[in-house]
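A single structure is presented below for examination.
Note that the chains are named A, B, C and D in the order they appear, and that numbering of residues resets to 1 at the start of each chain.
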């Protein structure tokens, strides 16, 4: 097994998920009142789509960074990655659910926001499992030194805890869930992978010689 | 011809199939009664989607492992692989069919479950053909020794036989088909490819030097 | 520019097209009469989908073989390839059109079959243009010798001419169009790329050392 | 990080976007009047899809050329690229919106054309940001010499300015927006990337030895 297919399969899943998200950006169309009204009616839905796109984008960037340091590909890793992807592909349908129910305002909108949060919670736990897998000696190059593991684990606990709050706050107001979810993505935008935490290497890696040694 | 495109094309098909699966996870939406009721009504559908996702995931992992040992790419291999993919892309529509008919409970639900089983049967036979192709001398590195071929063939007969049972049991209860299909995927979760059966090499392969020699 | 992205982009387009094809394999669903009747009603549609899948599969295999011999990637090649892909992505919608109109039997079914043929005609001309691009000295390794070029051109004229017949015969019976389209794909199943015509190299290329030199 | 995944993810997004475009090429189907009439009714929609396909194709070709010269992959680059992709995935839904409203002719068609223009404006600004990122010393190989940077910037201002005109002209006639959008794509069809402007290297790069040094 090599890392190439793991990356290609994951990238394709991320790419399809992100494109299908946008495909749901539809209005009822001609014969359902003025287009202006239809568009205004959906501003909450558009916000939901934007936050979901941003979330998938950030996950992709961090997935990219995390996997680029992995030097061993085991069957277990493939399955842990599948758990993450299971929840990534759920993002378009839960976003659509939220977008459909946000304008209705009733209990349905609270429940839809909670389900949206549950989808992101699963995604977040999936990523934390992937990070956990990389913490063992010899799985990444360079390995994460033992005294850095706790910091890495704590960092990846932020998402699961914050999404739990997002699920709970769905029953106060659905937009709170969206806001918290966006905040989590902002937090991980500036994320560094565990192997980079010990620093010194800088963020940029020259494409030239290094990629010849990288697994693809 | 090289193995790269065979893997990329297959990965993209697996990825799109798996994402489209989730896209069908929809409820009727606002104006069709309380969301809670709509969600409860679809628990069987959700189970079907979960089992189909798991099935495609396991096939992808095993496809990955099987192809990584192949050193010769022939036109025949590409077509055998297409037979497998033909049935992989059928998994989303047959899952949708089953999900639509499961709650109806009548003969339609039995028939839909049988068709779901037929789709997986085809997928399973497709994979067995792919394994059969690899058993010939010189096609994989290392080759499967002659005395191991029967064991490999028997192992890949389990799927086709179990899915036949799943098709038959669809006419007792549709959930039996689902349960048996899930059991098959559990069985192949712990699968090793023929070239690994003789063991000794371990499951993990270091990314560093080896992938330079692997076809991508 | 390198060949990698040309292949990845093309593969992804082929993969999405092939998966979307199957996604259209739906029946009206519960509440539209017995499922058995719905399924029988659509046997022509199922045949259309099968032939379209087979067609895209054969094009993918030949595209794979043709590109694997290319050693120069120019901007013009990328655009010629886009012409091919433009028609590949049209195959799912024209197949859906044909599948929708086949059971109606009237003039609509003849017209739909003709449009299906036009889509495949475009695809076929796109591939012929790609072959034409490769015939110039130094673009493939090995180059196609001048005395072989006429044979290659004739071989790739078979598709465009046969699809013209398929379009015409749509107005006799739509299934004639389908039958002819299937026959074209059978013909190209056994196709060899121009650079292979002069033979001697055999079909199988060892993955080991060669793929290191191939562009990906 | 290496360039490979950036390219694969982008390619997959482009590929899915381009295929989903075509998927929307549907007519109402049987029971909605003669097929001939349905098809004629949609010639404007078909034109919109063709122009959008061409636009995505040209962006893909230029993205390909631009990235092939990049030798440093930073986190910032990944996010700039995500901005571009955010608008690429919006092209199918805004094209569908335009296609739905073009035949209605009223204010809706003007507004839909303006939104179509806004989608392309975003896409164009995203690409200009990507070009801007590459202009810094040492990010591409060869680097863009300082005296060439202004020319590169001006060249990539043409798109954003032209799409602003396209948005404005939507309120005169929606087809003006489409025409201008098509013209922008024609302009960039003959585009050269900044690193090629200083010329001398020619457009064609041999696949053989060079791709070994390229990042994938």
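In this section, a contact is a pair of C-beta atoms (placed from the backbone, for glycine too) under 8 Å apart; a residue touches a chain by one contact, two chains touch by 3 or more.
Keep in mind it's a predicted model, so treat the numbers as computed, not measured.
Visitor: Which other chains touch subunit A while also touching subunit C?
Guide: Output, common partners of subunit A and subunit C: B, D.
Visitor: Since subunit B and subunit C are copies that touch, is their contact same (over half of the numbers shared) or different (under half)?
Guide: Result for this pair: different.
Visitor: Give me the rotation angle that lays the C-alpha atoms of subunit C onto its copy subunit D, rounded to the nearest 5 degrees.
Guide: Answer in degrees: 90, to the nearest 5.
Visitor: Can you check how far apart subunit A and subunit B are, centre to centre, with Cα atoms defining each centre and the answer in Å?
Guide: Spacing between the chain centres: roughly 25 Å.
Visitor: Could you tell me the distance, in whole angstrom, between the mean C-alpha positions of subunit B and subunit D?
Guide: Those two chain centres are 36 Å apart.
Visitor: Touching at least two other chains at once: which residues of subunit A meet that condition?
Guide: Counting only residues that touch two or more other chains, subunit A contributes 8, 12, 15-16, 20, 216.
Visitor: So in the complex, which bits of subunit A are touching subunit B?
Guide: Within the complex, subunit A contacts subunit B at residues 1-6, 8-9, 12-13, 15-17, 20, 70-75, 78-79, 82, 85-86, 89-90, 92-93, 96-97, 100-101, 104, 107-108, 111-112, 115, 141, 213, 215-216.
Visitor: Okay, in this complex, where on subunit B does subunit A touch?
Guide: Residues of subunit B touching subunit A: 7-8, 11-12, 14-16, 18-23, 25-27, 29-30, 34-36, 39, 53, 57, 60-61, 64-65, 68, 189, 203-208, 210-211, 214, 216.
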